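Okay, so subunit A shows up in both of these, paired with subunit B first and subunit C after.
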Partner chain A sequence: MGAFRWWDYGRAVLAVFKKEWLMQLRYPAELVGAVIWPVLFPAVYIFSARALAGPDGEAVAVFASRTGTADYVGYILFGTMLWMILNITLWDLGGHLRREQVRGTLEACWTTPASRVGMLMGASLTQVSTSVAFLLVAALVLRVVYGFELRGSIGPLLLLMVLSILPVIGLGLAFASLVVVLKEINSLVFLVRGIFMVFAGMTYPVEVLPGWMQAVSRFLPLTYSIRAMRAVGLSGAGWAEVRGDALALMAFSVVLLVAGWLAFRGVERMAQQAGTLAHY
Partner chain B sequence: MIGAISRSVLRRGWRAALRRERRRATGGMDMDALVTAEDLRKRFPRKRVGQRRWWPWARRENGRGGNGTGASGAAGDEWIVAVDGVSFEVQRGEIFGLLGPNGAGKSTTIRMLSTLLEPSAGTAVICGHDVRWEPMQARARLGVVLAGDRSLYWKLSGRENLEFFATLYHVPAHEVPHRVNWALERMGLADRADELVERYSTGMKQRLSLARALLADPPVLLLDEPTLGLDPQSARNLRELILELKREGRAILLTTHYMEEADFLCDRVAIIDHGTIIAMDSPGALKRRLPHERVYRLELRETNGALRLTDLVPGAAVVEERRDEATGTLHLALTLAEPEQDLAALWTGLAHSGASVVNYSVQEPTLEDVFISLTGRALRD
Partner chain C sequence: MEWRTDLRTNLRVVRAIIAKDWRVYWRYPVNAFMSLLTPIMWLTPVFFLGLTFSRDGDALGFRASTGTGDFVAFMVLGGVVASYVRTVFWQMGFSLKTEMEQGTLESLWLTPNSRLWLLVGRSVVNVLLTAINTVTVMAAVYLLFGFEMTGNVGQALLILLPLIVALYGFGIAYAGIVLYVKDANSLTDLTSFFVEVVSGFNYPVTALPRALMVVGLALPVTYGVDAIRAIVLGTRPLVPVQVSVAVVLVSVVVFWVLGRWIFNRVDARVRAMGTLGTH
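And now, the complex of A and B:
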């Protein structure tokens, strides 16, 4: 009696996963957006790059000497797609607790014997699946629209994809708790994603940044994700070349997932002390 | 990390010890008390507008610096004392009502019992499980309906909502469909089960919330203002359903600020005001405590306009006297010290005075009167 049961834990995770997907599919408009955005968003950068490259692409050689690839379209696509994963996660997972709070369903869920961390894991799992689905769909769409080709081997790419998603999930979890405390998501998303956009080298190598900015970029997991995935996907780099970045991403995953868990525990405690869940 | 783990082991050890302790303690006690609250207290840090503290340490400094100690409510303005030491028990097969005005602390009490809020002091035990030390076990025995109808997913159907919550309540997978159907049937929602909740009426949403609370077939139900916002017919239906649940032997704790509802539903009522229980008994017993029981209302047409009833009936006290200009009649409300004799005296006196009685009614006392006699205020201001 009263023993912790992994089986129930897993079912709670899956129940939230299923519920979240059911609700996502009730808004088909957003799914259409998921196909259109990966095309529209990088277009700004791709055409800017084309303009800067000169009429016959004279400047591409300069770009290639800096980045190791002449494929500036692919270069931009890797950066923008990974950044978009961050963006989606901040909005979806980052707003998850807040949405449940405003709806009033968070308290309803919290009066059940299901593990609260388990339920949050369900939301995280949903986010992982959304991110993977987004990347796969984007890869297909971008192939058609921009003729985007993957060059590297698929194994390291998939592993790097997972290693890129995990720290972002941790960030999203910490973010979700912060949003419950601050009661406002918009300005927070704009700030965080803006920082990543500038510092993580979304459309340029971080080496072009001034020294202090490069120092900042070292603390962002996205910097490592973008660099490693570009190296494998565009230049066909092998394991040995990206091992450092992969290890950094593992460290980021652990640190950020633990940070997310701690932030959630903090908010849960605060809610039980100050009753903040009912007053939003 | 390691600190957290060892702390949790330590706490689990504590819990086990506490459980053993409680089992020993309850050995001789009334085992039918499914809910026990003992000197429960809750206070909230007061937040003022324009003084939002973003950083946790800012609040702590302020709390220490101020005089915000002592749970008695007089303790400065650092704290809002929402519940100030309430104790009660709810038995198997009993409906226990918390009746009180807005802000009395009813919802806060329910939230502490349902483990959403941690008590500042005191203990709350659900079926032998302390809400503080064994929250999961306590929640597994609870069905909770919080105030308002916002606790459901409006973008899901009624059935989808219940299937989701049934899993959270650890209903075995193969049993979920039956259990959901059973709950839907009971609450009369079977034919609308596959519609989105956003299309439900308020009454249907409230019944769906109750259906959700029933999914685990819990021995204890906590209902916060279950009939709030319902039309009279829906409210009556819901009350019948609640009575049925009680007859099955569940312990039901509900809050309300409708005294008729408390009177009709509750076996026992605790009248709560400013976070404390000021009276607790069956509705009948509470009303019998009133100095007078009934109010006699008369509408008279006078012939001479100089009627002095109190001269005629020595034990009468006039509660209300009002002249209706439109009909030209006099409305009187009286209480009688010795109803049997006084009533006889009243009728003979009236007959002699030549006044004619247009209307006559006897008003039974209500819990509202009890509240007024205890606090000097009306329940709803």
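And now, the complex of A and C:
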């Protein structure tokens, strides 16, 4: 029976994974956006940094003394790309159940004998693959447009990338469940992504923040992702130097994935008891 | 005397649209609150980026780039114009699309009122709401980060007002384009953000690579915001302020004539095709 159950999960995961990718590929205009946004979004911060650095780089030394690198373009790109992964996840995975609800397909899917957790895992797997594809495309495009180059070893970077995506997926799952209950996504996404934008050190080292803001930043996984990936990718730091951040990310992954799963189970139970699954 | 009756009727249309849009806006207080919070959230990373480049509170690099070390004031003034650009793209551009989705566009079109005046009414309420929003955000940024405006704010308003009028002329054309294209979310998102990047709302356009700077210099909004900063903050202007004022005034005429022409053409086209209410 146990083996059958795993196969059952697997089929639901693959079916949703296939369906989600098929839908994404049906809207090629959105794919064009995936190439343009990694260039356009950081542009505001990069050109601001260029003006702040001065026409002859008068303030670059000040920046380097605070961040450990004079490469402010790479520094901003790491922060903005990781923030964009969070943003995409909140919209896509966070809005997954809500979209099914609005389309009127959530009830239809949940009345089938297929595993609901499996279906949600399929959506999560799609999100992981989309995030990895986004980062790979972004790395290529940013290399051409901004001359962005990785200096560190690729192994630790890939591991940190996975460890950075997992807590975001957990957050996305919890968010998806919350959206089904609150029936409103736009303001929630703006608020949550705004908190990460302000506190996680997207364009600056968290050390320049006032004390209370630094305290908040310690509770955000993105703070650790950005710091560790910058250290490896820009300064060539080794595993030993980012081990603390990697462990923090592992802990965030466990906590947030469990929280996401519990939130989903809670919504599932609530919808069954209250009969509000189709309300939106 | 007929023109007087026409004007009275059109002003009634404007008043009705203002009353309706005003009520709809305040019916969603969470959205209204988020529209105040979002600009502050976007400014905060740039503020701390500015601190990272500053020594003992002195933004030496920014001062060398612009003529002022007060990067917060520089960005706040850019933010005022940027908020109108965003409103024109998203509120004006999508105003007819929203009516389309709500199923009220065809009913509105069937009334004996001027369609252009319907849009004028929408523009007035938009300008008012954005002004309230902008002043509140400026007050919040002042309390949070602090900035100084030492120049003549009244003179700057004399440039801002025609600039807003010009932007809404463009908005009417864009509303027509959205009426035709229908699914214009990605187009609007990319175009509006691109205009923000090349117009130098957060930085001088001289910080842009040459190709982007050329695009920025082709947009009247770049000159408007540059002149406003030169007057209020004493920054080095791209061109003499009088030239920027002339560019803004000419763009008022051009955008309104073109906007009206494009809108009327699209309106006639979608009615002939019978696709007015389809989306």
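A few points about this structure:
In this text, the second predicted complex is superposed on the first by the 276 of 280 C-alpha atoms of A that agree within 3 Å, B and C clash if a C-alpha of one lies under 4 Å from a C-alpha of the other, contacts with A are read in each partner's own complex, and residues count from 1 in each chain.
Note that contacts are C-beta pairs under 8 Å (C-beta built on N, C-alpha and C of every residue); 3 or more make two chains touch, one makes a residue touch a chain.
On a predicted model such as this, the values are computed, not experimentally measured, just so you know.
Superposition note: with subunit A as the common reference, subunit B and subunit C can be accommodated side by side. Using the contact criterion defined above for the overlaid structures, shared-chain residue A:159 touches neither subunit B nor subunit C, since it reaches no partner. Looking at the shared chain after the overlay, A:36 reaches subunit C, while subunit B stays out of its contact range.
Of the two partner chains placed by the overlay, only subunit B lies in contact with A:103; subunit C stays clear of it.
When the two complexes are overlaid on their common chain A, residue A:52 makes contact with subunit C while staying clear of subunit B.
In the superposition on chain A, contact of A:12 is made with subunit B only, not with subunit C. In the superposed model, A:44 lies in contact with subunit C only, and not with subunit B. Seen from the Cα centre of subunit A, subunit B and subunit C lie 90° apart once the structures are superposed, a value rounded to the nearest 10. Contact with subunit C, but none with subunit B, is seen for A:190 once the two complexes are overlaid on the shared chain. When the shared chain is aligned, subunit B comes close enough to touch A:273, but subunit C does not. In the superposition on chain A, A:113 contacts subunit B only, with no contact to subunit C. Minimum Cα separation between subunit B and subunit C in the superposed model: 12 Å. Against subunit B, in their complex, subunit A makes its touches with residues 1-2, 5, 8, 11-12, 14-16, 18-19, 22-23, 26, 103-105, 107-115, 119, 182, 258, 271-275, 277-278.
Across the complex, subunit C is touched by residues 29-30, 32-33, 36, 40-41, 43-45, 47-60, 62-63, 66-67, 76, 184, 186-187, 190-191, 194, 197-198, 202-205, 208-209 of subunit A. Within the complex formed with subunit A, the residues of subunit B that make contact are 1, 44-45, 54, 107-108, 111, 114-118, 129, 134, 136-137, 139-140, 142, 144, 146, 148, 150-156, 160, 164-165, 167-170, 173, 212, 216. Only residues 30-31, 34, 37-38, 41-42, 44-46, 48-55, 59-66, 71, 75, 186, 189-190, 193-194, 196-197, 200, 202-204, 206-208 of subunit C touch subunit A when the two sit together in their complex.
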